[in-house]
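Chains: A, B, C and D, in written order; residue numbering restarts at 1 for each.
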Amino acid sequence: MRILEHPILGKMPPRKVVKIEMEGRVLEAFEGEPIAAALTAHGICVFRYTRVRKEPRGISCAIGQCTDCVMVVNGIPNTRTCVTRVEDGMKIQRQE
Amino acid sequence: MLKEELKRRTEVVIIGGGIAGCSLAYCLAKRGITDVVLVERKELASESSGANFASVMCTMIPLRPALLPLYSRSLDAFPKLSEELGRDIGYKTPRLNALTEEAYEAGEKYVKQFEELGFGNGFRMLAKNEINGMEPNMVLAPHGILDLRGGQVNPLYYTTALGDKARELGVKVYENTEVVGIRCEKGHVRLIATDRGEIESTYVVNACGAWAPRIGAMVGLRIPIETLKCQVVVSEKLTETYVHSGSITPISYLLADMDQSEGRMHCFGLYKQLKKGELLIGITEEPGNDKWVTFEAMEALARKAIKIIPKIKDQNVHIISSYANLYAVTPDRHAILGPVDGLQGFIMNCGYNDYGIGTGYGAAEFLAEMILNDEKSFPIEELRFSRFSSYH
Amino acid sequence: MRDQTAKDEASAIVICRCEEITRGEIVDAIRRGARSIAAVKRRTSAGMGLCHGRTCTRLIAEILREEVGIPMEELKPATVRPPVRPILVSAFEEEG
Amino acid sequence: METYEFAVVGGGPAGMSGAIEAAKAGVQKIAIFDENPTLGGQLVKQTHKFFGGREHRAGKRGIDIASAMAKECHGLGIDVMKDTVVWGIFKGNTVALYNEGKAQRLTAKAILLATGASENNIACPGWTLPGVLGAGGIQTMMNVHRVLPGNRILMVGSGNVGLIVSYQLLQAGAKVVAVIDILPRIGGYGVHASKITRLSVPILTSHSLKEIIGKDRVEAAVIIKVDSKNKPIPGTEQRFDVDTVCLSVGLSPLAELAWMCGCKFLYVPELGGWMPCRSEKMETSVPGIYVAGDGGGIEEASTAMMTGAIAGIAVAESLGYLTKERSEELRKEKTKGLDPFRCKDFGFRRVANEKLIENIIGSKGVRE
């Protein structure tokens, strides 16, 4: 859910919209925001399933330290989505 | 933390908790000799045995026949050890050595030599380009030697499993305990002094790898071991198999494959993929006695890896770690094993150069039998310390 | 009975999120002889993953303290090795 | 290889302060490296007003302090390299960088490690589920990126961070079902606590997190009362249907680079764990390597600005831009600025910092 109105931060300023593709689904995102934020705004919270135990994982630290939110971004696996910004046409996949 | 009280008297003291010391502790315990103490300055596998390339390679260049019995016994043990120790030691075969057209004949001769030494069934010359079918992701020379029982183990799991099992069988393992002196009387070793107290012992084993000369000096021996610094980088876990064999040298040492890029550092291609999926990208060698990874080594290793395994670049593989270790190098590149003339009870188990993981277990079997039977010499002449008579 | 169930539940908790190593596996390494964070790492590979143990180091230290009474001031983190963030192998390629 | 006079790792309050002070004193070639796209570190998510005096930029919100400091950096001609990871420090003060998929290196006469902290965790069943986030993580998502990761939240930990983030969650339109703390009393300031109790958020002390339930994300959390020895009391479980569990259970310094440099460390739980020992000038046991901010001990953004400034002044002195006397004078001024945050209830911070200084005396940088 996006926070459009905020008592301190005010109204969300207009931002350029780009399109990203998450496993075939085209999503709108704001230019410059991290992938993790864009996915969260669309209600996506499972970013990957673990290799051994096949457990779901999502955002944990949100500042690039825990590496739990990694996904395959434009073919690059293990990309930290909380610190990697969206670009128009970016392709994102869950990794195993 | 309160440390366990030291045992005051024992039959065998092993100094060093690497692959040499842990193998021997286990091989003794397995034979019922459990009145044994293993003393380690840091922790089990905290030096070179924990941070090496862990290749099991019988195909060493040049051929060193004296080491073959050690390999032979190690190779017999590897397939059974995981079960014996209750831990997966990560043994994976085979090992490949790629050979260029020019090196083919030398390779053939090499394999023939192995056959003549009764070690032939483990090797095969590959047909031209057969190697490319075995390793489709790698850019390799067209010929190759297949070493069927060579490959890899996980050095950390393997070394700690041996040490832990020895402890379970009754060996006393004292970690964070440093030997500060050794007392001898009338040509016999009598006791070791540690920073936590003294331990009397009939046998004292020097299994200290790169630090073996320090222990030697305590009993007046000059052990000619020098250190060679080696570095390796580690990739993230990969879902796909990039390297199929246990370990591979893309251009065999039969030809000098060295990047002499940065001063005295040499970069050899040596690759393997661990069971969990990480690629190990090795190795650089240079004289040195510290364990700090260098930017130069990481750069050299990465550049070479991309040439040999282009997929690393195409698939955007990341480096996630690196490590350095110290090989204990002897002048003739042979290990130093067995008793020392004139100093009864003092036993060498060191100088393994770059093959400790592959041969340490076999050597331990020989040494354990020797101690069990109270023999006064080591059966393989070329590996005795006495070959360095000028050092004694 | 209740204690056993609680114990089993505790054993199943993943401690190292990257390598998916459970508390049970760590306790087993301690039982075998591990007495430091590095020693646990050598036996289980906990802390060897993408995040370099940033999340689990502290948790492993706590387990060591609980299980064998090692005070925290004796539990140094394992050796830090470069790179502290994942970097592409191709990052080292020569320009051009 | 390019050579800098002063390389600063981390563009948060400590790093920026260090760079600014050094630049003001005349240090020539200064660079700040930060892996984020903007300077400010964790200030960029602080929507609340800061305490302290003028030197702490009190009365301003963290977000505004961040942009003001960033502007100052640019004005002083400091090279700011964003989106740049420092992934290693090698022998000879060599800083290894990673930017746009390329690895590079440079050397610096002095290096300031101002790498901040990471959040601690609680390992209970279900703690790895999507929907379990650190408090700082949630703050980043909602205050910087303006997305709410959940609607119904259980906050674990009643320290200042837990209380402030709970309030900010309410501001952003989420529901905080409760704040729990294993300790028998609220950890943070009363003023922060009353802000949320006024909005009917219960603060349950002597409660711990027992279990987080859910299949593909958090669906519920179970808490349990604990006795005076922090032992759970069976039968006192309480279940909350929540979609998010927020962990606010302390911070640990990110000191990896200092370990890599071979700095001497000491375990100081009062400051968050293993800390690099350093002089009163913030220089570690390895000459030329300085540390400041949370990466050198968990305190506050305001103290980070002061310790960063102290390091910057010391670097300027070491490079010959300040006389010993002038440097001493400036350092005393900044040290005084630490006092309000290291007194009364927080007096332990002073003691802990003194311990780190004591332990550096006589020690030399060792790269084993």
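To be clear about the criterion, a contact is a pair of C-beta atoms (placed from the backbone, for glycine too) under 8 Å apart; a residue touches a chain by one contact, two chains touch by 3 or more.
Keep in mind that what you see is a predicted model, and the values were worked out from it rather than measured.
Chemist: In terms of C-beta pairs in contact, which of A-C and A-B ranks higher?
Modeler: A-C
Chemist: Which whole number of Å gives the spacing of the CA centres of chain A and chain C?
Modeler: Chain A and chain C have C-alpha centres separated by 27 Å.
Chemist: Can you give the whole-Å distance between the Cα centres of chain A and chain B?
Modeler: The answer is 45 Å.
Chemist: Measure off the straight-line distance from the CA centroid of chain B to the CA centroid of chain C, and report it in whole Å.
Modeler: That pair's centroid distance is 26 Å.
Chemist: Can you list every residue of chain C that touches 2 or more other chains, as numbers and ranges?
Modeler: Counting only residues that touch two or more other chains, chain C contributes 14, 17, 49-50, 52, 54-55, 81-83, 85-88, 90-92.
Chemist: Give the residues of chain B that touch two or more other chains, as numbers and ranges in rising order.
Modeler: Within chain B, residues 236-237, 293, 298-299, 316, 318 contact more than one other chain.
Chemist: Which residues of chain D are in contact with two or more other chains?
Modeler: Chain D, residues with two or more chain partners: 35, 88, 90, 96, 103, 118, 128, 254.
Chemist: Indicate which of the five shapes (line, ring, star, complete, other) describes how the chains touch one another.
Modeler: If you draw each chain as a dot and join those that touch, every dot ends up joined to every other.
Chemist: Going by the contact rule at the top, pick out the chain D residues touching chain B in the complex.
Modeler: 88, 90-91, 94, 96, 103, 105, 367-368
Chemist: Can you name the residues of chain C that touch chain A in the complex?
Modeler: Within the complex, chain C touches chain A at residues 14, 17-18, 20, 49-51, 54-55, 85-86, 88.
Chemist: Using the touch definition up top, name the residues of chain B that touch chain A in the complex.
Modeler: Residues in contact with chain A: 236-237, 239, 277, 315-316, 318.
Chemist: Once bound in the complex, which stretches of chain B touch chain C?
Modeler: Contact set of chain B toward chain C: 1, 43-46, 50, 156-157, 160, 163-164, 167-168, 173, 175, 235-237, 276, 281, 293, 298-299, 302-303, 305-306, 312-313, 316-323.
Chemist: Could you please specify the touching residues of chain A with respect to chain D in the complex?
Modeler: Residues in contact with chain D: 1-4, 6-9, 12, 32-34, 36-37, 40-41, 45-47, 55-66, 68, 82-83, 85.
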